[in-house]
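Below you will find the structure I want to go over with you.
First chain written, first letter: the chains are A, B, C and D, and each begins at residue 1.
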């Protein structure tokens, strides 16, 4: 098998993305690349762009899975673009493409991806104290099934170390 | 246009569904039917079965949109079955098929549908004090965009009255 | 089980649909309704509109499964609208929703639906001598697997009689 | 933009794939890699495995977009796996992910992907005289819209040269 480890990075798109979120996402992307993993993202703006930018600066491989038909809608840091033409239902493809997920703040789109990843029992870590819709669930479970805990971490480095550990477990 | 109003009812599937949830779902289904609306549901167990059962007892029309390929996987109270073959990504089709949504407790699947409905700005009501993953968001918004408030209600009758009002607005 | 038989009618959309196709589609829709079956269609123009029109005039129930997010894009003869937001990939949902398929001419979209229905082994009939992309396969198979023959028929009445027979078999 | 050119290679899966098809697919994959393009494929057996194998032997990058949820279902030559969980509707994602398509024989699945690519107006070439469901359309159009011609070619080398030319046009 030549398949590489695939890490999905999700969080605020351009709505709600602060310079702090962008800096963290860039650093997460860089660390993902350094770990030899493929960065999967939603291919659009905010955290998606910053994480892909970081991964490219770390000489990593980046994949953007976008809602639209047209690959030109993806951000400039995606090596491979999967234009799904499925609208926001592509959130499920992002989740299914992950061996593990790193969450950096984020609103309803991020919650949608997190919930999909939870249902498909993907390991997940979330950076604490960034606000957003997922924050209520950090260090806990989304429902009574306790499929998979959303493990809180404090830094980009810790996020990548922890997700690699959870994937390997 | 012959299209009827379509109301999506979501909530606990067989995991986590108590007799209380079932009773409420049945009554909601009955009220949906009495209002002349089509009941849309996820076509499987728990709240989905109970709501469809209530709607049939109220002489309504019921549609089940299921994750599987095989229509025989739907519960026995669905007049029309849409077997999507898309797995849980069908949650997005449920949301998109709704003119309005009624939420009755529910875990991660319900949260997934609620979040999809929020992103597509569908009117939503949720019955209070039933626990579940959506409870944290009742009488509030899922994110900072404030797309659409998840309006809390206390009874099946109030749920249907309120959703009809929100759809008409 | 309250589920009704579901018959998908496909063929030319507004591009390529002649008055002859429309007349046939209307008559097929009428016969589907008279048989007590639900008419499923792609919800847009041409054969889809004409078949739904015929089914409504025959007091049948009609479902339109459309590529768009917005139910208002469906034709005026759909009782129930499933707005998939998936673009043309909704062709697979049409096929999966069918207990049987009736083909009335049609171009690439119809071929896409026919091929999906073939892969999911749905009974199919096609009206002969109407041209279109599927014509090459009438009274034969799409590939060497010989999943299901596309049975040629000559009239709307024969189409519905034959598909009912194939579904019952 | 860091995005690379993405070439989809489709054809017989394990059903119907002869050693001749495999040899051609391997050579096409090798040529795709040598051209610096990313190979996109359906990630399963037959032509999909052989093309990915050739691309890896040519030091290329390979992506497999599969119907299942589980990335382990992909063949061993895919660097990146997109497990769609959508069943055969993933044929549309394959088509949408292509800047250009190369067709090597193939049955109903290949016809489904070809038709999707046609509807989304993707450049396409097909190797002649390999049989299969698409053969009827080589050097012609799928329907009266004449969206995009399926250009016949005779060798793997010609296939890749021609598709690069069509993509550049």
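Simple rule for what comes next: a contact is a pair of C-beta atoms (placed from the backbone, for glycine too) under 8 Å apart; a residue touches a chain by one contact, two chains touch by 3 or more.
Since the structure is predicted, the reported quantities are computational estimates derived from the model, not experimental observations.
From chain A, count the fewest steps through touching chains until chain C is reached.
Tracing touching chains, the least step count from chain A to chain C comes to 1.
If you take the mean of the Cα atoms for each chain, which one ends up farthest from chain A?
Taking each chain's C-alpha mean as its centre, the farthest from chain A is C.
Taking each chain's centre as the mean position of its Cα atoms, how many Å separate chain A from chain D?
Computed from C-alpha means, the inter-chain centre distance equals 28 Å.
How far is the middle of chain B from the middle of chain D, if each middle is the mean of its Cα atoms, in Å?
Inter-chain centre distance comes to 40 Å.
What parts of chain C, by residue number, touch at least two of the other chains?
69, 85-89, 92-93, 120
Which category does the touching pattern between chains fall into here: line, ring, star, complete, or other?
complete
What does chain B use to touch chain D in their complex?
Spelled out, the residues of chain B in touch with chain D are 69, 85-89.
In their complex, what parts of chain D are in touch with chain C?
15-16, 86-89, 92-93, 107-109, 111-112, 115-116, 118-120, 132-133, 136, 142-145, 147
Please output the residues of chain C touching chain B within their complex, sorted ascending.
It comes out as residues 1-4, 6, 38, 56, 61-63, 65, 69, 71, 74, 76-85, 92-93, 96-97, 99, 120.
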